[in-house]
Every structure is written in C-alpha cells, then in structure tokens.
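One structure is given below, represented as structure tokens, and several questions about it will come after.
Letters A, B, C and D mark the chains as written, and numbering starts fresh at 1 in each.
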Amino acid sequence: MSSQKPVLIVENLSVSFATPDGIVHAVNDLSFVLHEGETLGIVGESGSGKSVTAASLMRLNNSVTATSTGRVVVAGVDVLSASEADVRRLRGSEIAMVFQDPMSALNPYYTVGYQIAEAYEVHHPEASKAQVNAKVLEMMTKVGIPNPAQRADEYPHQFSGGMRQRIVIAIALVNDPKILIADEPTTALDVTVQAQILDLMLALQVENGMAILLITHDLGVIAEVARDVLVMYAGRVVEKADVEDLFEIPTHPYSWGLLGAVASLEVSSRGHLRTIEGTPPSLLNLPSGCAFHPRCSFASENGSRCTTETPLLVQKGPKHSFSACHLPVERIVEIGQKVGN
Amino acid sequence: MFTPIALEAKNLVKYFPTGHQGLLGRPTKELKAVDGVSFVLRQGETLGIVGESGCGKSTLARLITRLLDATSGEVILDGKDITSIKGRELRAVRQKLQMIFQDPYSSLNPRHSVGQIISGPLEVQGIIPDGGVKKRVQEMMELVGLNPEHYNRYPHEFSGGQRQRIGIARSLILNPSIIIADEPVSALDVSIQAQILNLLEKLQQELGLSFVFIAHDLSVVRHIADQVAVMYLGKIVEMGPSADVYASALHPYTTALLSAVPVPNPKMRGASGRIRLEGDVPSPVDPPSGCRFRTRCWKATDLCALEEPALADAGGGHLVACHHPMEASERAGKPHSDR
Amino acid sequence: MFLFVVRRLFFAVLLLLAVSVVTYLLFSALPVDPAALTCGKNCKPDIIAANRIRLGYDKSIVEQYWLFLKGIFVGRDYGMGQAAFSCPAPSFGYSFAQHECVTTLIGRTFPVTAYLSIGAFIMWMIIGVGSGAIAALNKGKWQDRLANAFTAVGVSLPTFYVGLLVLFSVVIWLGILPFPDYVSPLEDPIKFLNAMILPWLTLAILSAASYTRLTRNGMLEAMNEDFVRLGVAKGLSRSVVLRKYVMRAAMVPIVTIAGLDFASLLGGAIITESVFSLPGMGKLAIRSVVESDLPVLVGTTLVSAVFIVLANVIVDIMYGVLDPRVRVK
Amino acid sequence: MKMRRIGVAVGFVLVASTLTASCGGGYDNTINILTNGEQIAHLDPQRNYTGDDLAFAGSTIQRSLTTYKFQAGDAGSEITGDLATDTGTSSNGGKVWAFTLKDGLKYEDGSVITCADVAYGVSRSFATDVITDGPSYAMTYLDVKGEYPGPYKATAAQQAAYDKAVTCDGNTITFNLKSTVADFNYTTTLLTFSPVPKAKDTGEKYDMHPISSGPYKIESYEVGKALVLVRNDQWDIATDTERKAYADKIVYHFGLEESAMDERLIADSGQDKTAVTAGILPESLKTVFEGDKALAKRAVNYYDPFVGYTNLNVKNLSCLDVRKAIYLALDREALRKAGGGSYTGDFADGFIKPLMKIDYKKPTQLAGLNEDGSPNVEAAKAAMAAAETKCPEVAAHAKDGLKFYYPDTEIWKKALAIWIDSMGKAGIKIKPEAVGDPAQYWPTVMNPETDYDIVRGGWAPDWANASTVIPELFTTGGGFNLTRNASDPDYKTFETKVNDARNTLDRTAQGVKWQELNQFVVDRLWALPGTFTRMQSMWGSKIENSFQWGPFGAFCYGNLKVQLEKK
C-alpha cells in the first residue's frame, strides 16, 4: 500500500506547554508517516492533541510557551530544529494548512485577491505583477469561486463561510504544496456546504497529488475522506488503522465508545444512547497508566495493569490495526466485531 | 386522541430593519429572519427544528421565549397569546417557558458560584421554595447529574458537558413545562453530546416536559424529536413526524440536507449518488420570489418563481411546501447532480 | 459615502444647537447670580441690578439665546455713545470679565491648546504604541513587566500630581529647563519647545499608559487570531506578519480611541494647562465656569463639542478606511 | 523604522531645548511679578478698586492728583502732590477743593495732560453701566445738580451740570462738594482722579489699554498670559517726586500654578531672582519664615489694610450685656486656628488698624476679655445673668436662637461650628442660616428685609484716614453698616461726633477724634473686633526696595529695583 514516497515523517513528537497552572502535555510520543497523495485522518475530541499536532508540523505553536521534542521531517528538513528561515521556506510551499474557522482565518483588512497573491509572491519573488494576477484568478477559478476577476477585489466579510473556506484552500494550494494539513476544515460550516468543501478538497487532491492530513472530530467525515486513521486520546494515539478496518473492527475501547455514540445517533430509534461515561482528563494531570482507564468499562478486566502501565501501540486483531490497549487480542476482536459495522 | 397542545405558534413573523439611507437615516430594508412560521407543540413531546445557519431558527427560539418581540403573529400558551403581554404576566410566562443556550462557556456568569447561577431564576421571580433555596438547588444538581456538594464552585472548575448540565439545572428550577433548547449540544464533543441528550430525555420522561429542540445537526434532532420541522430562509418547508420526514423526505431541500450528512461508514463511500446543492443561501433581505429554495433546486420550474407553495398536508400529518415534492422513485435512486 | 458625511454633518449641526441650548438652560438654572459676582465693594442691590443690565442677564433666557444665535451670523453690538463697540460675526458674545470678544479669546487660546494636543498626541502615540508593541513581543519577560508597571502607575496617577512632579523636578529642583513661559512657535521656536516639552511629556506619560495596555492587549489578541497563524503558515516573514496582520488589527481600536481622546484634548487640557501656565482654551473654559462668564462658557463648550463631533465623524470614516468590514457600501 | 526616526527627532528636540535653556541663567533689569490670577481686575483707572492693583497701576502707568509717598513705614501713609503741585487747597469750610496741575505732564503719546482730562476721567466714574466696580466717592461727594449718567449717555444739560461741579481754570481743577470733606485730598489719591483723554476713551475696552501718564507704558497685555510694561519716555522725572522707575521693564506673569510660584521664589534661579509675589501659600510659610534665615530675609509678614469683624444686629440685640456675653464667650483663638493660625493675623482690638498711625490708639478692651483670644465663659455667663434681669426679652431671644448668616463654604462651616460651640457654653443658641451662593452673601445681608442677628464683616479703608472706616461701618449713611444701630440710645451722640471728626480740617486733631470714636464703638460692641489680618510676600534675591506700602498692603511695584550685577 505505502509504496509511494513519504512526504512527512513524524517521529516521537511530544509537545508540552508551560501554563500558570503547570505543564500541559498536549502531545505524547506521536509517530506517523504521510505518503505522497495519501489521506490520513486524525480523529479525536477536544483536548486530544490533534490540533496541537497540526500546528507542530509547521512550527506554528507559541515559541515561548511550547516545548517540542522528536522529529518532524518535511522535504529533508527537520521542522522542529531548523532555522526560522528554513522553516519559512517550507511554510506555504511544501506544507500548507486549512484552518477550522473560515470566518477568522482570513485577514479582514485585505482583499482576498491580495491575500492569495501574497502567499504566492512570498515564494515566487521573481513573478511579475501580471503573473501573480493570473495566478490569483487561476486559483479562484480552481476552487470554484464564480466571477473571480471581480471578487478578487472584495474583502473576506463579503463572502459566505463556504466561499471563504474556498479562498483559504486557494491560499493553501497556490504554491502546489506536497502536504495539506486540514484542521477541522468543515466543522464551522453547514452540512450542505461541508459536502461541497470536502468534495473540492478531494478533487484538488486528485489534480495535484498532494497528501492530506485531515484533522476532525467527526467520524462521518473520516469515513468519507480518509484512507488511514489515527485515533487520539489525551495526547496519544490509541488506535491506528485503515479506515475500513477501523469501522469494521475497531480495536480500542475509546474507539468503541466513539463509534457507539455516533452510530446510535444515526439510527432513528429513540432510546438510551450509548455514551462514554465521564469527561476527558485534564492534560495538566493525566491519569496514571492508560489515560483512558477512568472512563473505560473494560479496565477492570486487566487487574491493576491499566492504572499502572501505559499500553504500547501494537498490532492487534485480524486486520492491520494498531491499538494501545492491554486487553487480550481475542477479547478486542470479540467486542470490536460487535461494535463495528 | 391527540395529546393536548402545550404551545402553538401562529404565523410568526420577525423582520429586522436594515440598510440606512437618506438624510434622516431611516431603515430602508428589512431582513426577513422569520417569515410566517406556524407549528404546534404537544405536551410531553419534542419538536425538532433544523436548518442551516441563517434560516431563522435561533430567531424563532427568541420569539417564542419573548427575548425578541415578534413583528406579527401569535404564540399561544394556555390558550393565551403571549406576544404582547408585559410585566407580571410575562414573568409568569417566563416561569413556564425556559431556555437552554448553545454555548455553555459564555452563558454562565464566571463570577457567580454554581449555586448562585442555578438559583438565579428563583431570585428573579422572588420565589423561596419549601425547604430553602439551597436544598432546591441541590435537588436540581442531583437531577441533572452534578455532585450537589459542588454547590459553591465556580463555572471554570467544570468541563463543557458539566456546564451544560448547570445550564439545564438553572432552566429547570422553576418547574417549567416547556423548554426551548437552542443548539444545546453543538458545542460539545460527541461522547458528551450523547450524555446530554440522554439527560434531556430522562428529564422529559420524569418531568413531563415539552421541548422545542433547535439544531443544525440532523442526526441529533432525529434522535430526540417526535416532530421535526425543516426551515429554509425564514420559512418551514417541511414538517411532520420525525420518522416520516427522515425516511421519506418530500421537500428537495430536506432530501439534499439529509444526503449531505457524512455517513460514518466507509463502505458507503461513493456508493449512492449524493445531492450536492450549488451555491449559497440567498440573502434574507431580498429572498427569491415564489419558492425561496428555487434558486438552488434542481427540480425548479417557472411555477416556482411565480407562486409560493403553501405548507400543505401530504398525508399523515406530513406537511410540505413544494410544487414538485420528491417521488418515492426519486428517493430510491437518488438523482445525481454534478459537482 | 458622500451622503453619509452629509448626514453626519447635518446631525452634528443639530447636536451643536442642542448643546448650546442645554448650556443656556443649565446656566440659567444655576443658583449663581453672575451679576453679583463682579460688583466688588459696592455690592448693593441697585449696583447688582445695573450690572445685570450691562451683562444682558436682565433679558429672558429665550431672548438671550436668540441674540446669541443672531450674533453668530451677523455679529453683535454693545454699549452706546463713545463706549460703543462690536464683536463681528461669527460672534459668540463678549466677555465683560476679560474685555474681549469671545471669538477673539477662543482664537487666541485655541492654538495653544492645539499645539499642546498635537505634540502630546504624537509623543503619547510613539511612547504608548511603542512600549505596548515591545511588551507584546516580549510577553512575560522584563520588558513586559516594566510596561505593565508603567501602565498600572500611569493610569492611576492624577494629571495634576504628575504635572507638578515633572515641573518641580525638571524646572525647580534640577533647573534643567527654565520655567515654561509660552511663546508662539512662529515667534520663537526654541522658547516654544522649552515651554511645551514638559506639558507634552506629562500628558504623554499619562495617556501613553492606556495606549500601552491597549496596544499590548490588542497585539496579543491579534497574535492568537487564526488569520495571523495563516499569515505565518503562508511563509511570510515575522516583520510582515507583525505589520500587516498583528499591528493592523491592533490599530483599529487604538485609532478610534485616539481620535476621541485627541478631540477631547482639543477642547482644552484644563489641568495640564493650569499646571504649566499655558494660556489655552482649557483654562479659558474653567475660568468662565468659575466666573459664570456665560458667553465664554457657551463659546468654549461649543468649540469643544465641535471637535468631539468632528472627531466622531472622522473616526467613523477612519474606521471604514481601516476596517473594510464597517465600510459603507 | 519610521517610528525610530521620529523617536530620534523627539530626542534631538529635547536635548536641543535643554541645552539652549541651561545657557540662560542670568537675569535682566526686569521686575517679574508672579500671580495665579489670570489678569489684573481692572487697569481702567476709574474701575480700579483693589489695593494691590491700585499700588501697581498707580506706581507705574497712572498718576492721580495726589499720591501716598513711595516710602516704607508710616511715611508711606503720608500724601503728597502727584499730578498736582501740592495736596490741594480747600475753601468754603472744606466744601471746595482746588488742585493745580504741574507743568510738563505728558501722556505716553506725547500729548499734554490737561485739567479737562482729569475732569473727564472723574466724570467716567458716574457711568456705572460701563465703568463698573470702581469707587463711587466722586458720585457721593461732588455737587452735581440732578441726575448725571456719565459722559456716554449724558445730555448736554446733564453734562453742563457736571461741568459746573468740576471746573477747570487753566491748570487748576476745582471740585465743588455737597458737604465738607476734610480729607478730600486723600480721596484724590484714588485713580478715579486720574486723567483720561476723551479722544482715547474706548469705554468698556479702555480697561485693556489705558493711556499711560506714568513712567511705564503697556507694551502688551494678554489676559491669562502676561502684561508687559516698558519705559514711557514721555514721562519726565522732573514732574515726579515719588516715582523712580529703576527697572527697564515690568512683566506681570498671569495664570501661574500657585504651588509652583512659591517653589520658584524659594529656588531663586535665573529670572526668578528678580521676581516678586504677593501672598505665600500656607504650606510654604514654615519653610519661608521658620527655616532658612536667608529665605526669611526675602520675605515679609505684614499687616494688610484689612480688618475682619462680626456685626451684631443692635436692633435685635438691643442689650449691651447680651452683646458682651457673646464677645466674652467667643473662642477667637479657635476661629483663628481654623482660619490658618497666627499667619492669618492678630486679634483686633478695634476697627482701626495700627497702620493708620494718626488715627490709631489701642482702645481699652472689654473687662474680662482674654488677651490670648480664649473664651471667658464665666464672665460670659455673668453677663447673661445680668441681662436676664436688665433685659429679659433680649436674653430670651439669645437663648432661643440667634440667626447667624454665613456663606456656605468649607471655611465658614468650620467657623460656624466654633460659634455654635462657644455660644452654647454661655447658654446662647445659634440658628445657622446658610447662603448657598457665596456671591450672594453680601447682597443678602445688605438687604434691609433680611432678618439676621449676626453677620460677618470685613473692611479695608479706601485711603489712610479713618473717615473711610468709622463712618462707613457705623453711621446710617455709611456704605457698609450692617449693625442696624440707629435705634441705639447712644447713636445720636455717635453721629454728632462722627460729623465733627469729618469736618475737622486739622489732620492730627481729626486723628484724635477717630481714636475716641473707635473706643466708642468698642465700648458699645455694635460689632465685635475680629482680626487685624496679615499677609506674607516674597521676592527674589536681586530685588531691592521690596517694602510693603502701608495704605495698599502691597509692594510699591513701580519703585522695585533690580540689584544689577557689578561689571
């Protein structure tokens, strides 16, 4: 499957933040590889560390409070240790990003055309004005903005949410990046618009061949778009699987809970919803052992192991799924088959 | 045969003045946020209202709860129109009609303790319950699944889900009969959403509450609602029993809306044709003539521009406002629309 | 846009009329008898009555106001015989306390206030925005803490004491500068600077404090905006992001508040003018209050109101220029 | 980048101005008068009626018919001819006064000062609708038949009537008075009797630029900023025995911050070495007078002409024992303390201040009155007990409550509290009546309709003769009689004695009569003596001739001298 060449290598990435209340361990020991043209989904709830991960890949976290260790390699450069100038060369050209809220992602003080042009010019200083203008119109056309010549001179607030997200995508793709990080790209949009934007991203991926790292809390979006999936909980990957495997036989109790909650919403039956009890832990003070154990109804099956020992991410079950859980493989498959579809 | 009516809206209209021109700066245009909405909420039932942003659903919630004054129309509670009452009468109505808000972070005063927040409505109404305020608040906290010992804590010490529970406790303390919930779970994580929805259902059963449940998330509404109304540009385009609407949507917009929801099953990916709506919702300041959906509708004809379709019963209490409702055959092999 | 400005100006004129009416009404409602204030040793009822006639307060308030309004357009005549004189249009009346037409007084004192305001404004914007920016860029470090301390002290200090402190320390105790003695810059620019530098500094130190906070918080807030992150993600250099993204966003509220602050300063910086003996409009205004000198009071009030109204219009227009979201379509 | 450039520019300007400033440490032959006032109340000679302003204008830009000698001490209260060759001659029993102008008198524009100009100047003081605030003695004394509204409104007939009262014969001006005024040549020290050339009169506006007849003239006058006087080369020292005009320039600096003024004079640097200021803030007094000896040499703590006192309504309080009880019970020391302590003044022994050398003799004080200002409660109670039997109705009135009118200010609220407290101890009750607008205080109490028992009083003589004190305060024709003493059985005697004193042309003999009348009032206690007020002034180290001029209680500004550096 992964015969294409890797465009992004993340090794043992850990990110922590110094806050007045103590150190927040937002991402712990994260490793994955993203290949050319691939779509990798990262799914998790708030506080799972998925957005911090996305920011780390471009070194966008606050340099004063954040400490990052490990390696993030893009185009042969370790983003975490490279000079600011080197990282700046990568940003927007090799690796680009689409943000969650298109309402706030565009600079309200400049026209959208200017903002697209700016992104192009910074990596193409040699381009003439005419070339830049042509590029702006090309990108706007590409992302499906009608009447681009006129609309390039308008300001972000004159666009609808969906149109703004198209502009953000145009900015991201103006330099043909090899990697597109999409951090909750459709969460702030209405469903009909969400569908439009997801379609657009996939169509452009086919055209450009870029790899997409899709970060979302929405399993529906994952199911429609991603090929491989990382499930994150409290800063760690708890499951790593092919998207079909994940939905067919999920291999981690957290994934079970997540799928259960969504699945029961999908069916029309009224009645008690399956939920994950309790709330996500504070990243200031993570539970010992497996961070999920206080909410896990299976933790007791392993004696005290779940409270003392952090499970490693290992291959579990019949498929190529990796899971960080102390439960025996047979038990996982047994339950996973019941939960999956 | 029918359960009694808890609340009825009759032809509710809310226009916001907009666009200032001329020397005296009189508003020249109107934003038609809610434009002739009628519905019936029966006792102990849940009416779900869905629609995309800008369809007028939140304005509707504020009209019902009298946080906004309607331009015209009636809201009938206990056989009485409450759109123009004032003072003591209004306070009595507020006691019966409570609201739950979307954002559990900004709707709680950070300087007040949980006890103060939950007992707030008692203070406003000047009610001292039997056994004292604290006892009543702690009962409420227990009811919504909060630890009553946390009476003196402050909102920032609680997670989002717990804060929404605080909001629910506050709205229940006056023993209301009707709850208007405006996007009560959309700011919460999936696993927490389910907890809150379970709680609301439990409360409905235990207290015999009637809900108006407003959301953009179709699956959430599907789960909780008995009746569902779909809004588009200030009007209800389809309304009926939840099961009917979801299983056999009649309005093209409803169909498109349902079709756009991502299905959490990768095997379904690309399996069936999807309806992809083009473009954006038109401005409510200057809505299209006739049927408001016609500019984005693949079934639109000249008739749709000329004549506004009435919301009419298509059988079994399933109402639709469309000149060309979906046929059973169309739903089976959902039509394509190229991207 | 044109219509917008015309409409704003139309309302501004109405507002100014209202301000003048209210000033007249308030004045007439005061329990002070202006005619009794200047009668000196001979304060007998008949002298006071004569004084009242001389000052024009014997007329009804409506008539007084009408004469005032008329004076603005056609000027006003006073006295008779050899003692006759007039205040040409636009006349706000005549100050019997200062023996000058109010228009002349305002014309003479306003430039002083304007120089004071402009200089102080430039200084405080440089100090305030500069230190705010430095603090924001060094959040949590000593520069930030220093700026925070400056802000905390600056906003809580009363102008009067800061002015006196600056005056005493620089002029009297250290003797670095001579005592401020205002001279028009057209006459002697160096002496002018000598007189103005301390009042500028005083006003700047005090006002800069709130601008430091405004700039710092505005920039920090902007730095957390998604669009700033997008700017960085585009690969833009730090300086470009700071200038086009962070500063631009932080400047919008600053420009608004600065415009209004500047306007209220133009109406007279009463305390600063008093401490540094600057013959500006603030002193003129406060004196007119103390002496119940109605024509001067109304004149200065109106001029201040004009600036505040004008500043509001300009700020609204600037707001549109700076922030396309509020631009009039 | 742009910001840095502006910053550098500002820095440069700062340094530049600092450098240029520190070079100019010297001083010129200029007198600098510092004040927190915004202007001089009136420079128009006929409107000037304030001691300090009269001393200023009268010693620099304006001359009158007569003047006080420009000298320190008692000599300063003596009069001498100014524009006039001598102190005038009276005839017809003091009802006609004539003055002859000196030769060679000129205005700043070189034109000759004529008798008509003096007559015109005096006539202006009748135009009270334009020439406000000035002394009204000319109107009171001059025998003008019928109404005379001043020169601006007068009909030809009215003007002719005035011209009959004030006549010019060559250089001699003659004033015909209604009745005897023995000290009319003191009256003529007032600038009311200063000349104004009719052609130059601008009425109301004359205040801003009066034509100079003295050694200085106005170069510029900007309210709120400065008045600059420079030498008037048309003034001839040969015509002037008093004015020396040592300084080249006199600058009156207006609108200064009060506390800064004292600090500047104490610091004594640069131009401030030749500065003077009238008045020192209470908080600086200790530093100036009780600190550095050198500083005390540059300051003076002196009597101004003012006397503070309390009027009793003799009609209501017709019983001397009650008035005595009030005086004895009053805690004068507490009142003085509340007002600022010993720097505010000394306890007055009567109504004539020792400054009026000829008219002053310390009166015998009321028996039992404590010299240190403390109350004598026992004596007060005894007086009240006596009153109970002699005049039970008045005593009952005092016990019931005396109406005390006071201006509603902080200082007066404090004083009121002391009054209530001290009177209470003698069984006398005070009913406070506040006058909300302080400016309305005098108009209120001077209204004959107002029924008060006790009101404040304060008076400074208009010239160095008790004729401007005793008759003004205590006769029914006086301008400031708040005692309502006409019904007192002794009043007739008093009035006769006053008229006698007024008509006494011999100044020394007249003085003895004023001394006796002062004693008369102190004995009758129509009013209670309060304070002989004091003022403090300071000047720079290079100022000479800084004495306080007795009649005005002010510097003799025109003769202030700069001690020039020796070359």
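One rule holds for everything that comes next: a residue touches a chain if its C-beta (ideal position, glycine included) is under 8 Å from a C-beta of that chain, and two chains touch if they have at least 3 such contacts.
Every value quoted in this text rests on a predicted model; they were computed, and no experiment measured them.
S.K.: Starting from the defined contact criterion, work out which chains touch chain B and chain C both, please.
M.R.: Both chain B and chain C are touched by A, going by the contact rule given at the top.
S.K.: Between A-C and A-B, which chain pair shares more contacting C-beta pairs?
M.R.: Looking at contacts between chains, A-B has the larger number.
S.K.: Roughly how far is chain A from chain D, centre to centre by C-alpha average, rounded to an integer in Å?
M.R.: A distance of 90 Å separates the two centres.
S.K.: Rounded to the nearest whole Å, what is the centre-to-centre distance of chain A and chain C, using the mean of the C-alpha atoms as each centre?
M.R.: About 54 Å, centre to centre.
S.K.: Where the centres are mean C-alpha positions, what is the separation of chain A from chain B, in Å?
M.R.: Chain A and chain B have C-alpha centres separated by 31 Å.
S.K.: What whole-number Å value describes the gap between the mean CA coordinates of chain C and chain D?
M.R.: Inter-chain centre distance comes to 39 Å.
S.K.: Residues touching two or more other chains, restricted to chain A: which are they?
M.R.: none
S.K.: Would you pull the chain C residues touching chain D in the complex into a rising list?
M.R.: 31-33, 36-45, 47-48, 50-51, 53-54, 78-85, 96, 98-100, 105, 108-109, 122-123, 126, 129-130, 164, 167-168, 172-173, 175-179, 181-182, 190, 193-194, 197, 274-277, 279, 283-284, 287
S.K.: Which stretch or stretches of chain C touch chain A in the complex?
M.R.: Residues 139-140, 225-227, 229-238, 244-245, 248-249, 322-325, 327.
S.K.: Going by the contact rule at the top, pick out the chain A residues touching chain C in the complex.
M.R.: 55, 58, 60, 64, 84, 88-93, 96-97, 99-101, 104-110, 118-119, 122-123, 155, 157, 168, 171
S.K.: Would you tell me which residues of chain B are touching chain A in their complex?
M.R.: 52-53, 159-162, 189-195, 197-198, 201, 216, 218-220, 222-224, 242-243, 246-247, 256-257, 259-269, 274, 276-277, 280-281, 339
S.K.: Considering only the defined contacts, which chain D positions touch chain C in the complex?
M.R.: So the residues of chain D in touch with chain C come to 3, 6-7, 10, 13-14, 16-18, 20-22, 24, 38-39, 49-50, 127-130, 132-133, 135-136, 151-153, 198, 201-205, 207-208, 222-225, 253-257, 259-260, 263-264, 267, 269-272, 436-437, 439-440, 442-443, 446-447, 479.
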